[in-house]
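Note sheet for the following structure.
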């Protein structure tokens, strides 16, 4: 395996350090999160509460909100029941269960501030509990609705990458390594910058270390992501990949980290997107099919469903 | 047509690539969005929900909110009716329609958490439905109000550009290409930077490609956009436009992309504004009329309605 | 008047252009807004609504909110009254005024979603109006509360500048022009950068134009604004102010624009602050008094009330 | 004490100026705030209200919210009572205290917009007060809930630093000064940059001044903070620490300011973290223990509880 000599810059390692990769583990997951497990966090770690609630799945979020609503109402129902039979005006309950249900629904009406009033608190105790419950209800719902809206409006990149990375014909150097991306959102992305880090295991003096090479690109920047963008690394003499074979890549647990930065011109925020191509994602000798055509007025029509389409070249 | 030789920098193409423009299509619309149609998005694409709801017209937004309110109440009305006649206390309905209307208005009072209470839920079933409805109502209204406020407060540039781009007299080079802009908002804009990309079709060895030239400007930056700003590209020997005629520009589907970047000092965000001048927007041999004068205390008075005013020069 | 020769850089003019200042008008107001009057805005200009509502005085904001609440309730009261006598259940009104007041308070209870229920809508029409009113009430209050919170939480620099700019003794050059600033907020400001533009009228070949010189500073950056910061322009041979007298400054309508940029480490936003010293604000031959001392533990104690304190030097 | 000659750059002083440190006072507290006391603020300084409410402890925040709720309800209860006995419909109060309690709970039901309606306002006066109370209640709760959510969602760095700074073996220079950090949050941090300023008292010509040296680092940047990051200052010939002893550091009140900057890729904001190592925090001749290992699939497992673990080296 013939890697060209090149001074190692420790700042290229993306923060992973020189440990070799074993057993086909990507360093970065497809969705851009680092493939690292974290333990040893403080047992009661509030630092991640907000992050957890914002990033959990919608399913889990709804289960959590509904459970909290149920549990809190059950709790307050017990309090109202424990105050005594006369605590709720308008309740015609005769059995214990019936009494509890009345207290439960009264609690729900209080916490959501609906307050129909056909059941209403009577006496000092239940009035005080209801006053506190309605106040906490307002604050709790504010948190829930804030989280709901925060989840809904969270700005995040929605970049689709072509499923494969191709070794394709390229005019000046004969061959190039390339993949494509496009914006799945209607948000306008501007001032895009991309970086590709090629990473692989190398055995130097009997010790296996992980190495990182930023790849030269035909083009690192785009002003506007109007269509798709094909990122090309020309396989010229400076490329560390020039003489690598399929087997070399597999044996060295090779992979490509893709780091994209852009400015979202709709929500005025800098966004970042990352992905990872493992050696298995490379298609040798193929080229991408066109992803756009023209409508009758001459306007460009971009078909996002074709972003991964390619054809394997014969010969 | 004599375009000066110049090394093509692929990063100047704004992300549009080398496809020629056909049939008088601007690359960027006047409002700054790219003139590209996008198809092939996943059928159930949630990535754009928020963007759609924030950027749709106010008319459509209100229709949507009112429809949703109506439909949800009709739905819940059916549920209350289906539970049975005795489900709503206080309803004196005798006919089916009357019953439905009572259920509908009860639902509206529940979902908005008004809860007058002259109609109230009776029994396990309708109480449970009402408890869930009031909770969902709070969350749904939180989304609606979040969107309403988000739409209202969304920071965005409101730059007005002069309607035309002029070929006007300019001291040092004889002529210059110029246009004007001003801030329509009272927000203070600082640290403005502008870029003009001249773009046209060129036929090289029988193949028509699109070319992009960033134009040299008299001044690229302004610290404060206090008044209007006249952007000037001097027509000197380095200009690719130096010897182009009106016909050259028309035949080559020429246009000018304007890219403006600024910091909004009221809302502390970087904003971007884009526009496009098509070859048809050029006025040959004209100059802008003054856009400001002094009041009696010597203070500058800027008249934004005159931003496009110019006079065609005789001779 | 002997101004040293220096190539004019049009980008130093802050965006004000070469018009001379007349009749003692500062270019920038003390609070940092440009001293320019803007007219000719479209009659129905929605672009500034949010900005106006966020930046208006608290007094005007509360008057607006209360008026809107009053007017909307009067409007809906008229609608309920016009529906007819039986439209409101629980109203025992016999006179027209009494009827109107009942309708008015019912409207207030509906729009704020309190909904006591002692008065409740009766019949199709008033029920429908109430359903719509409660929905619009929720949305309107969302806007009002959003604005209230937006006003309250708006990040903005609160820099206090010394009232005067001093011509004070300075070690290496004999004299220096200096002023002080400090942070009035408890927010931590980091990475501060400052720029001072000296601006004055100059008559060149009979034509008076405004000139702008960025002044050299002893120090342009501070990592943390922990205490006060004294900004010094040394009066050395490169200074355009070196040989200017009090009369020169007055005759040339001289002034100093101060541009400060910092990162607010509490709210994670870049903030900007501007101010202006007119020639009248200069104190010749004075020096600042110390603004901090030590407590018994050796800790620095900064006294913000002394930021402008200086003593005029004898001789 | 032999400090190498080096031109002093006043911009290295972090904004603390040349005053010497006395009596073992760190310049920056462990939590990153400057160790400076501020007095002389205007008595009624609204600039810090929001900052105070957002950054106060949760305990104080809840006490404040509950007290405000209690006080406002007591206030409105007095108003309702003062209007007269008949002001509240549904109140069967016969004693003054009972009357007051009814008014108090009615107020709570109004301000939280629950509005059961078993007690309701009667007459012009109490209806008007209730209408205003419900409106103010909505606005006040909006502020409270805004603050609650603002506190909960406030983006802030949660970096843990190793408790000590070690003088440890380092390949090329024999020894290095090092410490470790990791991200306590699950938020992904990218584009990290670090700076270490070494600061100490120095007596020059009989006058003690504070000096500041930015230290050279093995590595100043990391693309992704995936694991821990060990920051190393090699003790080579250029280091001002090269020949300093434990006593030198103590006598000169030495300390290290750590300034970290990163981009939070979950909430799309630039965050900053600062800490301070006092001379007492240095451990001479020790090295850090590993902080991660591999799970059975070869994935890296980071144990955050080991971030400060080190072993003192014998000999």
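By letter and in written order, the chains are A, B, C and D; residue numbering begins at 1 in each of them.
One rule holds for everything that comes next: a residue touches a chain if its C-beta (ideal position, glycine included) is under 8 Å from a C-beta of that chain, and two chains touch if they have at least 3 such contacts.
Just so it is clear, the structure is predicted and the values come from calculations on it, not from any experiment.
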{"item": "Shortest walk length in steps over touching chains, chain B through to chain D", "value": "1"}
{"item": "Labels of chains that are neighbours to chain A and to chain B", "value": "C, D"}
{"item": "Interface composition of copies chain A and chain D: same or different, split at half", "value": "different"}
{"item": "Rounded Å distance between chain B and chain C, as computed from the means of their C-alpha atoms", "value": "27"}
{"item": "Separation of mean Cα positions, chain C and chain A [Å, integer]", "value": "38"}
{"item": "Residue list for chain B, restricted to those that touch at least two other chains", "value": "109, 113-117, 146"}
{"item": "Contact footprint of chain D on chain B as seen in their complex", "value": "113, 115-117"}
{"item": "Partner chain C, residues of chain D touching it in the complex", "value": "10-11, 14-17, 19, 21-25, 27-28, 32-42, 45, 47-52, 54-55, 89-90, 109-110, 113-117, 120-121, 124, 127-128, 130-131, 134-135, 137-139, 142-143, 146, 150, 155, 259, 269-272"}
{"item": "In the complex with chain D, residue positions of chain C that touch it", "value": "65-66, 69, 73, 101, 105, 108-109, 112-118, 141, 144-146, 148-149, 152-153, 158, 184-188, 190, 192, 218-227, 229, 263, 265-266, 268, 292, 294-295, 297-306"}
